[in-house]
Structure formats: C-alpha cells, structure tokens
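Each remark here refers to the structure printed beneath this line.
Going in written order, the chains are labelled A, B, C and D, and every chain counts its residues from 1.
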Amino acid sequence: MNRTIIIEKKGVKINNPILIEGLPGIGLVAKIAVDYLIKKSKAQKIAKIYSPYFPPQVIMTKKGIIKMPAMRIYLLKGKKNDFLILAGDIQPNDINGQYRVNEDIVKYFKKKKGKLIITLGGYGTGNIKNEPVIFGAATSKELVEKYSKLDIKFGQTAGSIVGAAGLLIGIGRLYKIDGICLMAPTQGNYIDPKAAFNLLNKLLQIMELKIDTQELENRVAEGEKFIKKLEEMAEKEFGQLKSSSYKTKDLTYIR
Amino acid sequence: MNRTIIIEKKGVKINNPILIEGLPGIGLVAKIAVDYLIKKSKAQKIAKIYSPYFPPQVIMTKKGIIKMPAMRIYLLKGKKNDFLILAGDIQPNDINGQYRVNEDIVKYFKKKKGKLIITLGGYGTGNIKNEPVIFGAATSKELVEKYSKLDIKFGQTAGSIVGAAGLLIGIGRLYKIDGICLMAPTQGNYIDPKAAFNLLNKLLQIMELKIDTQELENRVAEGEKFIKKLEEMAEKEFGQLKSSSYKTKDLTYIR
Amino acid sequence: MNRTIIIEKKGVKINNPILIEGLPGIGLVAKIAVDYLIKKSKAQKIAKIYSPYFPPQVIMTKKGIIKMPAMRIYLLKGKKNDFLILAGDIQPNDINGQYRVNEDIVKYFKKKKGKLIITLGGYGTGNIKNEPVIFGAATSKELVEKYSKLDIKFGQTAGSIVGAAGLLIGIGRLYKIDGICLMAPTQGNYIDPKAAFNLLNKLLQIMELKIDTQELENRVAEGEKFIKKLEEMAEKEFGQLKSSSYKTKDLTYIR
Amino acid sequence: MNRTIIIEKKGVKINNPILIEGLPGIGLVAKIAVDYLIKKSKAQKIAKIYSPYFPPQVIMTKKGIIKMPAMRIYLLKGKKNDFLILAGDIQPNDINGQYRVNEDIVKYFKKKKGKLIITLGGYGTGNIKNEPVIFGAATSKELVEKYSKLDIKFGQTAGSIVGAAGLLIGIGRLYKIDGICLMAPTQGNYIDPKAAFNLLNKLLQIMELKIDTQELENRVAEGEKFIKKLEEMAEKEFGQLKSSSYKTKDLTYIR
C-alpha cells in the first residue's frame, strides 16, 4: 500500500456537507463526543480510509474477525447541510503521514463541495477540574465573530493544535475551505467524558440537532465520582485543593 | 533500489494457490514451522523478494558467499490446491515498509489467482507453559465457522496482530482474498519449538498433508528439558509454580 | 500535502534579486536579525512556503486565528538589486526534508534569475562573551576575496554549517548560484540579540542599506545586563572569569 | 533535492572498468586505503555524487570555501582494466538511503559496462592486535576459488557486511555483476592504519599495481607505538596480555 485510500459506498448523495472530525487525541474527548453522536444519530457509514501511515497491524474483534486500522466517514442528513463525520481508531504517527492523510481527506471533502470543517479536541490544562467552557480557533476573523455569538471563547488559548484537529483546518484553509476547531479544557492524562459531553453539546448547538445524551451523562457521572475520589485523596495528602484556583493562564498544552 | 522486487523462476505453473506465511516473529514459531515444512516437503523455491525496506547489509554464508536479506516463496504441489509458502530472513522494520512489502506480496498472489491466505504467528502469554491450543482470527464470519470445526479457537484472543501475519490478511481482504491467522500461545521471550510444532500440526491438518515430524519433535523434547529446568529454578526461588494457573485472560501480547 | 508548496502573490516584479536567509537556528541570531530587518525596512510579503516536512500542527494567534507553520519570503526593493528575505517559524526536522525544502527554495530563486544567496547563522563557541567579529564561508575563492575586504573573516572556522544556512548555498552552488554564509560567534545555549545585532550590521553594510537599529540596540543592552549577572555569579563561584580568554581555536560548534 | 545525483566530467573514456569502494566504515580502514591509493596513483576525479540521504549540512574547508557532503569517483587507467575508485566523506544514514544510493552507483557502473566490484572493509574482532590476514566474501563459488589463490581467506568470517561494502556487491549481483569484499581484521573502536595497509597491499596485488607505500608505513609505525602503549598500560593493570590469544572464532562484528 503506497498511498492512503478512501473506499466509498456507491450511490450516496451528499448535499452541501460540513465535515466534523473526532479522531483519537488528548483525553479522547473528540473521539468520545463523535462516536456517541454517530451511535445516537444513526449516521450511515459511507467511506473507509486505510493508509500506509497507520500502524502496521490488524485488530482482532470479539468474534475473531480482523479489521485493518482505519478512519471512517459517516453521513448524517441535515436540513440546510449534510454532515460528514470523520471517526476512527488512530491518527498517523509520523509528520509526513499527518500531512498526507489530512490533505487526502481535505481533497475528498473539496470534491464533495464542502465549505466548512469543524474539528474537535481537548485543550490540556493539567487541572483535574475544568470549567465547562468551549474554546475556539478558526481560519478567519469572520468565523471568530460568527461563532463568538454561540459563546465559544476565541483568543484565550495559546500554542499549537497538533494533528488532525489542527491540520484539517490548516490545510483546508489552503483549499479555501472555512475551518473552526472547538476545544474543551481537560486535564490531559485521563479520559474525560465530561469534557466530551460539553464539547458534544456545543457541537449539537452548531449543528442545530438534538440527540438523547442520557447515556453519555451517565458516563460523566461515573467519571465525576472517580475525579471526586482523586480530589479527596489529594486533599488528604496535600491539604485543601481548591478547584476554583483554575486560571486560564495555567493552560499549557493543546491538541 | 527504490521498490520491492520479486524475482520469479520462469515457466512455473501454479494451480489454484493458497499462500502460507511463516516469517520471523514472536517465539520464532511461524518461522520454525514453515522452514521445517519446506525442508521436509521438498517444496521448490520459485521466487525471491528483495526490498529497500530490509536491513542494509548482506549475509555471509559458511562458504564465503554473500546473499542479500530476502524473503523466498516456495511451491508445494497439492491435490486441490497448490501451496505458495512465504519464508524469509526478516520482516521490514518500519511502518511504511510493512505496508508496501505486504501489499506487493498480496498483489503477486492476486495475479496467481490465489483465494486464501493463511498466516502463522505466536500469541504472547508471558507464561512458560502453554496449552497446546491453536487460536484463530479470520477475515469473515464464514471462515470463522469453517475453521472452528477444525478445533481452532476464535474470539478468545484480543489486541492486534502485528506485521506480516496481520497485514497480509488485512490487505488481502481489501483485494477480496480470504484470510486466516493461526496463532500458537507462547511465552514471548524464548524461541519456542513446541508452539511451532503445534502450529505445524494444525497447518498440516488444514493442508491435508502428512510429513515426517520426528526431527521437530526431538527439538521440542530438548526445549521441554530446558523449560523444566527453568521451572525447577523458579520453584526453588519462589516456591510452588503451578503451570495450571494459566488462564486465557492472562494473554497479553499478540503477534 | 505531498510536496513543499510556494504560494506567490501575483504580479510582483523582482529585479536581479539577492536571497537573504534568516531562519531559526543557533542562538536565534539569524532569525532576530532578519525579522528585525523586515520590520524596520517594511519589506513586503510576497510568498508563503508550506511543507509536509514542517511540524504537523497549526499555531493559534492572539485573536483566535490559526496559521500553518510556514516560511515566508519578503521583497525589499533596492538600487542595484532587489532583496528576497527568507524568514519563518521553523526548519524541517529530518534529513530528507532539509534537502527537499532547501532545493525547492533554490529552484524558486533560480527562476527569479537570482545570482547570490546570503545565509546567516550563529557560530557556537561555548563562551558567554564573544568578540564582535563576523565569520564567513563561501562557495568560491572569488567570493572569499571580495568579502574579506568587508572585514568578514574566512578560514577561521571549522566543521559544518547545518541546515538551511549551509544547504541553501551548498545546493545553490550546484545551480551555479554564488553563496556566502555570515556567522556571528555566540555561546550556543542562549538567545543572543547582540550577535544578531552584529550580524545585522554586517548584512546592512553588504546590502548598502540603512535602517533604524535603536530598538534592537535596546534589546542588546537588556541582554548585556543579563550576561553581566551571569558573569558576576560565575565570578563569585569560580573566581575571576576573563572574557579576554576567548580564543578562536575554542570554537566548537557551527550552525 | 529529491534523488541522488551523479555529476560526471565530460568526455572521459572508461575501458572495461573495475569498481573499487573505500567509503568510511569500521576502523576507517577502507577509507584510509583508498584515499591513499588515489593520492599516490594520481587517479583523476571524474564524478561527484550528492544525495538527499547524506547529512543536511555543508563542510567548511581551511580556506573558507564550503562543500556539500559527497562521494567521489576517481579514474585510474590500467592495462587490462580501468579502475573506478569510489571514495567519500560519508555513507547514507538510513536504510532506504543505503539501498537507493548504492543501487544508483551500481546502475552507473553497469552503464560503464563494469563487470567486477571490489569493496573494502574492516572486520571487527574486539582485539587490539590482529593477524595480517585478509578475509573475503564473494558473490559466487568461482570468485571464491579464484581469489583464494591470492591467499584471501573465505568462509572464516560470519555475520553481516553492513553498508556500501555489502550492498554494492549484493545489489551488483542482482545486476549480474561479480563482486568481492576484502576485509582486514581490526579492533573496531580505533582508526587502524595497519589494517588499512594490509588491505591496500592485497588490493594492489589484485590490481597488479605498484605505488609508493612508504608514507602509509610511517603512519602504521606511529599507530604501532600507540597500540604498544595501550598494551603496556593494559599489562600493568591486568597482567599479561597475550596477543597470541587471538582466535578466529572470537571475531564478532563485521562491516
């Protein structure tokens, strides 16, 4: 396999699509949000992506069937726009693979006459507790203005957006495609369903879509208990740990 | 050398072939099984594979002749099917090389009108003693059903199959070629002739072939003595070591 | 993105250009000098360079806009020559990327009928204090003679010039383009505005250009205070530290 | 620079050439032997080789001139055969580069209608003192027989020949070009002019050529003194160090 290949289901009609990315990354927040969205909205799988830049192995399922590491594109029909949702097992490991795979996805999206890419990610803070704010970064001033009205906070983050969440909108911009990255603050070392929940809610607001989020809320509640335990342990050992001590300038890592 | 090259012997007729892979991997079980099969069945070498993804060196033989690191394909004529046996010195080290070399082999096999790939491997357990079970993973439900009848255990392993044993059937599937991987549980850090022997027996059953396995059994017996010594040493130091404590859920690593 | 791309502003006329490189490198001396030159001379941005050999991420600006890691080319109109100034956020990390990106820049410059490349760099000495000398290395004897007259010291450095500062003139030479590298001695582990200032002054002399350097001098003065503190601390601990002990043969590292 | 380039001097006639390789490797024995041969035989430089697989830097000479890392080919006219001598600053670092550069050299040589490649190398023993024997490895039984008559020892070495010394004859073989590698035993961690001297003498015997070797003998004598000192120091510390304890089976590393 010399190049990334996108295998499409035939005869699928796509109308004025918006691309939504939720691949594995920091805190798995993007992946959790998007996998949940696909499940509950019953989006339809319309393409698989394989690449020589993915890990050289196959994954065994519970039934003894193997599958190649892949990204998948799902179609969710909407009113004004259709949504193409990019989910998957992995991101490419090396620099060249990141550029090549992400450009191939942008090219695919351009062919479908797509005009907006929304990427999701976690914004690492190092803190266990995080405000339910959603940060944003976009490819133009106009987008910053538009999405600020949806209470997305722009210009409060610094540093870089690594991987697909960054490159898809960066390369997209070169193809004259609008792009916005939504980031939920998260500790960084733990899987964070709560940040994923916040991210998903903001995404649904943008999509003007409603889905049943109860199951994810349950996971969040379990996660909360786990974090509460961590805090109690920390308090015992280090004294009072004020979660209110969270400050935006403490944010240190972004992806 | 920019690309992998396959140099074929001329005028060889191949009838309805099944590809069997036994390259170096965990416990060397696949390599031992397949090299032994080639030797005893007097399979005929029909192709050599060289690649810029192999180590950049030549190997010196006892007679002072040099040879490039290579994979080799052997032909064993059968009743219903011919067998193409893939053996070799090495696997490509890097991700890209793995994808490229394995796809080139699948393409070669597709040209020969092959319809089934059987890959062999060890399944790392971390335990010195392992049951003589053979695990399987396959590219379709139908294959799982068919080979379950031969007492191959599907769905009892988890994780990934790394390298040629995984990618050949994973990429093969994209080319509409059936694939099955047979795995013998093995400790993981030692060369394991016994696991190779078990693997070979199951393979011979599938191939409907009989060969003299005495020589390999002798190697197994020697290996057993070595393992017994390890156990006695361990018992002295750590007390009772029950080999019956082996449980499927302890399995941790697969290749 | 498979290849490096250079996106040019349309309709720009370039007359007999000299290329000046100031990318990030040792002590950031080249980058500081060239970024300052661009700012004060109001050079006009005429091209952006993106590459799959740059880091796979986007950078967030203060206003929430993202931008891809890039090199940029600025045009400064001159009397006899125009100047194309190469600045940027990064250099490619890997060997192949270095050769490819730098050759693409040389090809671009050749198309513009360029005949001279001037690269800038720091020359690592390991010493905190360095003489305000400028070292040079060039692609021909004639250039060595010509620029020796401007009090640039040739043949007093040894070793290699790593990265764009070296490869641009090395590859340029293969394209029959003259090249000279100007190097300011610098400690190597610290950002060094003073070395950048010396380098800029020599560059301005070659360019026959005057700009207001006051702001950079202020930064140098601040840097001096910092270095003075380091020296006082060192004196307290290790006794007299004579900055006059600097000798050319102590120079050890170049970039 | 996307590919390796070979820049040839025009109008050079080459008659029935033999390729001799002496690039940097273990103990620098091949490089010392070949650089000395070029100097004393006044072989004529006829080609330069540049590659994106060489280090991304330029080298500064004493006169302030820069040069790209390169391999060079020299022509030495002979009676029955001309000799093309491959010398240089470096070998490619990565696997792919090794295969690509060496195949490009083999292709160049094939175009010149070359039929024999002689590569030189050190054979690491770990011992300070080594017998003045020359080991060989070749691409065919016929070559082993032919060169055994010149007192080259075949079949007494084991392992791999890494890099150009191995790949040139390995790849050459695929192009139907004969190949032989001459190896001088050497400690492995030190530059070894004595092994280079032995290697050169055997090479001159094969080439049926005489050159003045006095200067190299002087370097050997200096090297001997250095080794004698090492031995005396070792004797003082560890007691008697018998150099006669050298045994062929101790040989462990080859390049």
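Please note the rule applied: a contact is a pair of C-beta atoms (placed from the backbone, for glycine too) under 8 Å apart; a residue touches a chain by one contact, two chains touch by 3 or more.
Remember, it's a predicted structure, so these values are computed and weren't measured experimentally.
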item: Given chain B and chain D, the chains that contact each of them; value: none
item: Relative to chain C, chain with the most remote C-alpha centre; value: B
item: Degree value of the rotation bringing chain A onto chain C, based on Cα positions, nearest 5; value: 90
item: Between chain D and chain C, distance of the C-alpha-averaged centres to the nearest whole Å; value: 39
item: Inter-centroid spacing, chain C versus chain B (mean Cα positions, whole Å); value: 55
item: Residue numbers of chain C (touch at least two other chains); value: none
item: Chain contact topology (line, ring, star, complete or other); value: ring
item: Which pairs of chains touch, using the document's own definition; value: A-B, A-C, B-D, C-D
item: Chain D partner contacts - residues on chain C that touch it in the complex; value: 95-96, 98-100, 102-103, 136-141, 144, 154-163, 166-167, 169-171, 173-174, 179, 181, 254
item: Complex contacts: residues of chain B adjacent to chain D; value: 1-2, 5, 7, 50, 52-68, 93-94
